[in-house]
Amino acid sequence: MNEAVTTNKAQLPAAAAKPKRRAWERFKANRLAFVSLWIMAVLIVLALFAPVIALHDPAEQDLMSRLKPPSAAHWFGTDDLGRDLFSRVLYGARVSLSVAIFSVILNLLIGITVGSLAGYYGGKVDSFLMRIVDILLSFPTFFVLITVVTVLKPSLFNIIVVFVAFGWMSKARLLRGQILSVKNREFVDAARTIGMSDFRIIFVHILPNAIAPIIVSATLQMGSMILTESSLSFLGLGIQPPTASWGNLLQSAQSLTILSNAPWYPFIPGFMIFLTIMCFNFIGDGLRSAFDSK
Amino acid sequence: MARYALRRLLNAIPILIGITIISFLIIHMAPGSPISQYVDDPTIKAIDKENMIKAYGLDQPLYIQYWKWISDLAQGDFGTSFQKSQPVSELIWDRLPNTLLLTVTSFALALAIAIPLGILCAVKANSRLDQFVSGITFVGISLPGFWLGLLLMMFFAVRLGWLPSGGMQTINAPSGFGDRMLHLILPVFTIACSEVAVWIRYVRSSMLEVINQDYMRTAKAKGLRGGRILSVHGLRNGLIPLATLFGLSLPGFFAGSVIVETIFSIPGIGRLFTEAAFQRDYPVIFAVTTMTAFLYVFGSILADLSYAILDPRVSYSKSEAKV
Amino acid sequence: MSEALLEVKSLRTVIKDKKRELTVVDGIDFTIGTNEVVALVGESGCGKSMTSLSIMQLLPRVGEIAGGEVRFGGRNLVGLSNREMSSVRGRQIAMIFQEPMTSLNPVLTIGMQMTEAITRHLGVSKSEAITIAEDWLRRVGFPEPSRIRKEYPHRLSGGMRQRVMLAMAMACKPELLIADEPTTALDVTIQAQVLDLIRQLLHETDMSVLFITHDLGVVAEMATRVIVMYAGQIVETADVRTLFTDARHPYTKGLLQSTPRMQGAIEPLVPIPGSVPPAGAFPAGCRFAERCPMAKAECRDRQPELREIGAGHQVRCILI
Amino acid sequence: TSGGGGTPATSEKPADGAAASTGKKEKVDGGEINTAYLADPQGFIRFWATTTTSSEVIDLVFSSLYRFNEKQEIVPNLAAGQPEFSQDKMEMTIKIRNDAKFSDGKPVTADDVVFTYNIPLNPDYKGPRKGTFEKLAKIEKTDDTTLKFTFKEPHAGYIDMLVYNILPQHLLKDVAVKDMEKSTFAKQPVGSGPYKLEEWKQGQYLRFVRNDNYFGGKPAIEKITAKIIPDANATMAQLQTGEINAIVVPADNLQAIEQFAKTSGKIKLQKGIGTGTYMFTAWNLTNPLFQDKAVRQALTMAIDRQGIVDNIVEGQGKLVHSQTSPSYWSYTDNVPKFPYDPEKAKKILADAGWKDTDGDGILDKNGQKFEFEMQTIQGNKVREKALTVIQQQLKKVGISVQPRIVEGSAFTKNWMGKNFTAIFHGWSISGDPNPQGIWHSTAMETGSNYISYKNPEVDKLIDEDLKTFDMNKRKELLAKIDALIAEDQPYTFLYSPTSTMAYPANLEGFNPNRDSLKEIEKWYFTK
Amino acid sequence: MGAPLLEIKGLKKYFGIGGSLKNGAVKAVDNVSFTVFKGETLGIVGESGCGKSTVGRLVLRLLDLTEGEILFNGTSIGNWNQRQLRPIRKEMQCVFQDPYASLNPRITVGKAIAEPLVVQGGLKWSEAMKRAEQLLDTVGLRSHAVGMYPHEFSGGQRQRIAIARAISLSPKLIVADEPVSALDVSIQAQIVNLLEELQTQTKVSYLFISHNLSVVRHISDRVAVMYLGQIVELASRDQLFGSPKHPYTQALLSSVPEPDVDGKRERIILSGEVPNAANPPSGCAFHPRCPHAAERCRIEKPIFREVEPGHYASCHFV
């Protein structure tokens, strides 16, 4: 090659940051998001190791010491059956976080599959899938949750099933839109001219470039899932006691006696819900700026 | 435009039918039936139960029940509530105004706060004010509604006695407009709290996008003043995407807020539905789901139409050649 | 040279982000006289737009004028309040932009967008403003101005929009028009129309123009004087004829040699090796040294000065 | 008519010292009672309306031939005196009073009674009460104040038929039976009871005013407002704000309300009001785990029932040992009892072959573990809590219980469909005490014998009681039935909840043994 | 001139409005025929929206044809489905306009270049990566660039990367859709030179699409001029630029500003705008803007015919 095509070597930055690294840098720059991520990490670890950490069996009752205020023995006090609130909150974290995390992950899986198929193939596939999405979306969500949860019994598994069954559509929609725009980018054409399989095109070339807004919205959805579970609990349709979830802990504290005599009891699960949703929101915000490259 | 709307409505028919079928199936999948509430009464005999199943037409095959229901519906008849022995349409008409009053007021309040605040945050993006407001919005989004509602009630109604704790009006007393408003304050605030938060974020991001558009720079280059740029050039563009969101929040108006209606004893659609779901009052469940679904479809059509009205770029009449 | 209408003196504009400050316009000096068309050329990213936006004080939020003066009719515009600036903008200095697609507000009619500036600056009534607007629309080549006035931008083609922009800019009879790549987004046949129109308007008024472009062909056609920018600095300035016949800076020469021609024999193109360094990565000495075929060791050590080598011909190169 | 005896009310004196029975203060004519219901009533015709809320408002607006008192005996209302029977018990004659008037001024006549009782006999009647009138052949008036009921066979449970509200024939005669439920009358009734319905705003409130012409005398309380408040907490909040002044206080809010009563002095509480309800855990006897009577007795001994009463319902309940609620006239305490004794329970279980052979803390026998699922209905905190307490207590004797809280309709479906192993539930009994519907073996098919209990001796006694009209004889028979059932422990009988009423501090005249608005026509305010 | 590599006959592509042809159609490509010979460069020029890219995408079979025939190496591939096309894809590659959009931002440059070799060439990733380094060297980038991401390169460098990927499978035809339009002149010249060099080395044919007439003049052997979905003139470079026959071509050529102060040419300024492709004018599509238009042009569609040996044009008056 002659000198006309020689590139100025000094201009290739030797160790420029990789996209992932840079995204992480941007995420870290958002202090609230970063702190929230830590809080969530701690919460998840606490939840995972609840059996080790909890001082008491969350189901163990001590009818003699009901509604006791926080103390050395019971860090968060006791509930109306004398159960240790700290343990119940920890075990509740397992349930509430699983509801949020698993249902959102499954939502993502379905949403991504449907959204990719619809967006990439277009035409009949698209209109069929989007019709389904439309139908499911036009159900009044909370009403459907109520109905379906009364139909299936409200167990952890079923609640996740319901959250998934009626929660993936927005993901599919969003992703479809993204894919429609990414699929017209020229590198996708370039991939097609190589004769790559659709599968590879979708998963290697399109999805990684389309997924950011979906991840962000999924993070926010985790927050709203926790909220929804607690609202269902309020109507008595959430995770069923004696299994603890933050939602039903809060709900079981909604009695006048407890509100006035043991205000810490409703406060603690309420605060946990609040904190978690807040963290998910901040993390979502951080991810948004992290993905917002260029 | 009218033709477009009509076409969209026609396209929506299969969706609506799909919705009715699915909700029909879901509800009939549910264990229990409208008569299960009588089970707890040992004086009600097996024969009574059979009787009532027949009376409700529940002994017939599902497809016949569905057909009967849908053909009644086609004639505008929602049937009669099993539990309340009252035409469903009457029940809905009875409850709807309450829900609308509640949700529309909260929504209006939310917008009245969110739009100016959202714009301010967009204009002063990343300033202290912006960060403060976004912090507050996160709080608003993260508070469980029923928790907030109950706390508000405990504080303002029970502890301070400033506001009524529930219901639509003072009973047994001449209740004027002011009285009704007083009763609305707590529930409206409970709903508006999270709505404000959500809408501030919408408005902010939408305005932020607009502010960075080239035409805003053009407006400035023309020598227009800040206020005019924002109100004439910014607001209109910024509000267009919100029109869509508005259309999509229509069903929410209708469905109301189950939780708030329960806490503050407001007889609205949400509560009607919840009770019906518990009692397996099929006609009511169907009617409410179908109507809400219809509203969703209607709302999204409305959103698209309002887009077309607000945004001259979008046109639904075909063959509009360029000048 | 005629009396200076605009005088830019050691203008320095920076872009700030959280971590650092990038100097994107680095000590620019030039003047524009009455009825003069000054072309600002240079490759993408060299700071042309930043220069023009600095003059208008329309820098993006992250941008800031860090030094220098912009004197317009003797008054320094730098440091004027937004309010004071707003009566200069559009009235005394008008500007048109590269992207006619996005520079017009999509939800407002053409007429509305024109008249708001006219009423603001000329203090006329709405109906008078409409007359003025229609008059200008006719002058930029719309046979039916009253119809165009009621149209929304999206119904016009790119060329039409750019003509509308031009009419809008001209309507308040500014003394200076800044045109930032006004034809880059247009097709050649449409570009020819618009350039023709600008020439015609120049002929009819005594307006001055700062014409920003990266197309040397357009420069040759429009400008009376040319400023060549590279990496935030002026590297050569001369009148058009001198520049095209006697370019001295290696960068200017490189540009001319790498441009394919429509006429004459087809000769191999001679590209400039390498690429434009991004702001913040400017080399220490002569910023062009790394790509310069004639570069010597000393070029890399020392920043050359912009030197006058002939009448109105300045070059920033130590080898000349 | 309100009789003492039965359950003595464990009335605690409210803070200001005013109790129901204490001295007569000056009576005030007028005043308002504001109460609340969780849901709207179903309408004003008892043939279709089955909820307690409905019964209560029907009793305000209508009169019926008889009313039940707190011991579930019938006391005459429109009727004059107790019913009389023919020798063969096939005919029953009831005399009615002639001074009763509907609130529109028309007198209540025997024709109205005949009209009313013909509704459930009409083949078009598709309501939930056909079974109640199954044995009634016809009803005729013999003269203007005398009615003759003819039965298909002798029927000692006749009293269940006598509490239906008497409807005005003149207003309803043109309404077809099948449309009656939906008629405007069901929503805007005209009756002959102590109160008139003034307004019913669905979902919001019902407002009643007193019937000045009530044949029982003009009630002192002038207005009654019943709000519809679906959330119990909200109801209690309104009690504190004074928006409500007479209401049953749920056990879980009792403590706060007691405090409020003490500090505010605005309300007083009447505790320990007996109810016809009793709670139990039912063992599905078709399940091999529960087929051994000794095991069932041991299960009962393993459960600290008094503990549950004290801690879950805040002491608002009375232990029961068999299937009759203590407030009933037929109640007897003379039945086998199985008090809390976990050690003994363990021993009995061990004797029955249940031992923890694999050391996992759960008893097993022939390789089968003693573990099962126990359901309860969702939405009732007390039951949910009690369920977890039972779970914990049974765990201590080595029995593993999986609690499952099931949504209402689904729960009843499981219950009715015998689709359960164990269930925590309650029966709310009213009317005739004959327990055929729950304990007779035929009720496995046609009634509520969902646990498949079968004891030929009990069957025989139930059948005999059904044909016995002599009260003392019946009391004996029913006591035997109770003893047999207690011995069998097909349920673990837990307790009969008692209710607590909150009244305005200056209210008098209420019956300390009755809750809600029962007998409100006798209430009055004092100065 | 070699044997025909690519023959296009009567190619049409209509895009339905609102997704369906019922509501009318944009005739993006309307009856286009041309041939690309082995080793030559055929330039396609025309104004924005005239259908150049659509032709390119049809040739690459990224789009389905509405009508017409595409013969590649003598095989008709016009109606093959994507599966059938897969084996033939390595014979034709593409380079696109936007070097920012044509590389996947999340894949390293090395992988992007190696990918075709793995997918089509059947190489192992490790071998392919080695080859990628060589290819980077061929296009004038240092081989350590393999581990870097596209955003770390300048526009010109990215275009080199895109070219490296295009030539990795040694294709016979490269469809270059505005490969230099987004680049600065100094870089543009680098890429033009690179493309020319590659052609001398590998005898690859180019279908070179551009609206930049001077670049097309520089690089093409023959040139086709498109207007509203049709080819209005097709000739060898010297014929076309030396003596354009069609009035549109003439106007187009004269509109290009030349970086020269001397030797000003006579400029033909067309009036009006490019008409809407959904609603093209009757007769000769160019007649509303044509300075020579006559009545006949409005009614009768001119035939695309050979006016001189190897010089085709569609105008009634040549």
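When the chains are written out, they are named A, B, C, D and E in that same order, and each has its own residue count from 1.
Note that in this section a residue touches a chain if its C-beta (ideal position, glycine included) is under 8 Å from a C-beta of that chain, and two chains touch if they have at least 3 such contacts.
It should be emphasised that the depicted structure is a prediction, and the values quoted were computed from it without experimental measurement.
> What chains do chain A and chain C have as common neighbours?
Common contact partners of chain A and chain C, which must touch each of the two, are B, E.
> What is the chain whose Cα centre is as far as it gets from that of chain C?
Measuring from the centre of chain C, the most distant chain centre belongs to D.
> State the pair with the higher C-beta contact count; candidates are B-D and B-C.
B-D
> Centroid of chain C to centroid of chain E, CA atoms only: how many Å?
Inter-chain centre distance comes to 32 Å.
> Rounded to a whole Å, what is the gap between the Cα centroids of chain C and chain D?
Chain centres of chain C and chain D, defined by C-alpha means, are spaced 91 Å apart.
> Express in whole angstrom the distance between the two chain centres, defined as the mean CA positions of chain D and chain E.
Each chain reduced to its C-alpha mean, chain D and chain E end up 88 Å apart.
> Measuring from the mean C-alpha position of chain A to the mean C-alpha position of chain D, what distance in angstrom results?
Here the centre of chain D sits 47 Å away from the centre of chain A.
> Counting only residues that touch at least two other chains, what does the list for chain A look like?
4, 6-7, 11, 150-151, 254, 259
> Spell out, as numbers or ranges, the residues of chain D touching 2 or more other chains.
233, 237, 379, 407, 409-410
> Out of chain E, which residues touch more than one other chain, so two or more?
Correct list: 154, 157, 189-190, 193.
> Quick one: in the complex, what on chain C touches chain B?
Checking each residue of chain C against chain B gives 56, 58, 82-83, 86-91, 94-95, 97, 99, 102-108, 116-117, 120-121, 147-148, 151-152, 154-157, 160, 165, 168, 172.
> Which residues of chain D touch chain A in the complex?
232-233, 236-237, 252-257, 259, 307, 310-311, 378-379, 381, 384-385, 387-389, 391-392, 403-407, 409-410
> Across the complex, what residues on chain C touch chain E?
43-44, 157-160, 187-193, 195-196, 214-221, 240-241, 244-245, 254-263, 266, 268-273, 275-276
> Would you tell me which residues of chain E are touching chain C in their complex?
Going through chain E, the ones touching chain C are 47-48, 154-157, 184-190, 192-193, 211, 213-215, 217-218, 241, 251-263, 265, 267, 269-271, 273-274.
> Which part of chain E faces chain A closely enough to touch in the complex?
Of all residues in chain E, those touching chain A are 57, 60, 62, 82, 85-87, 89-90, 92-94, 96-98, 101-107, 115-116, 119-120, 137-142, 144-145, 148-149, 151-154, 157, 160, 162, 165, 169, 189-190, 193-194, 197.
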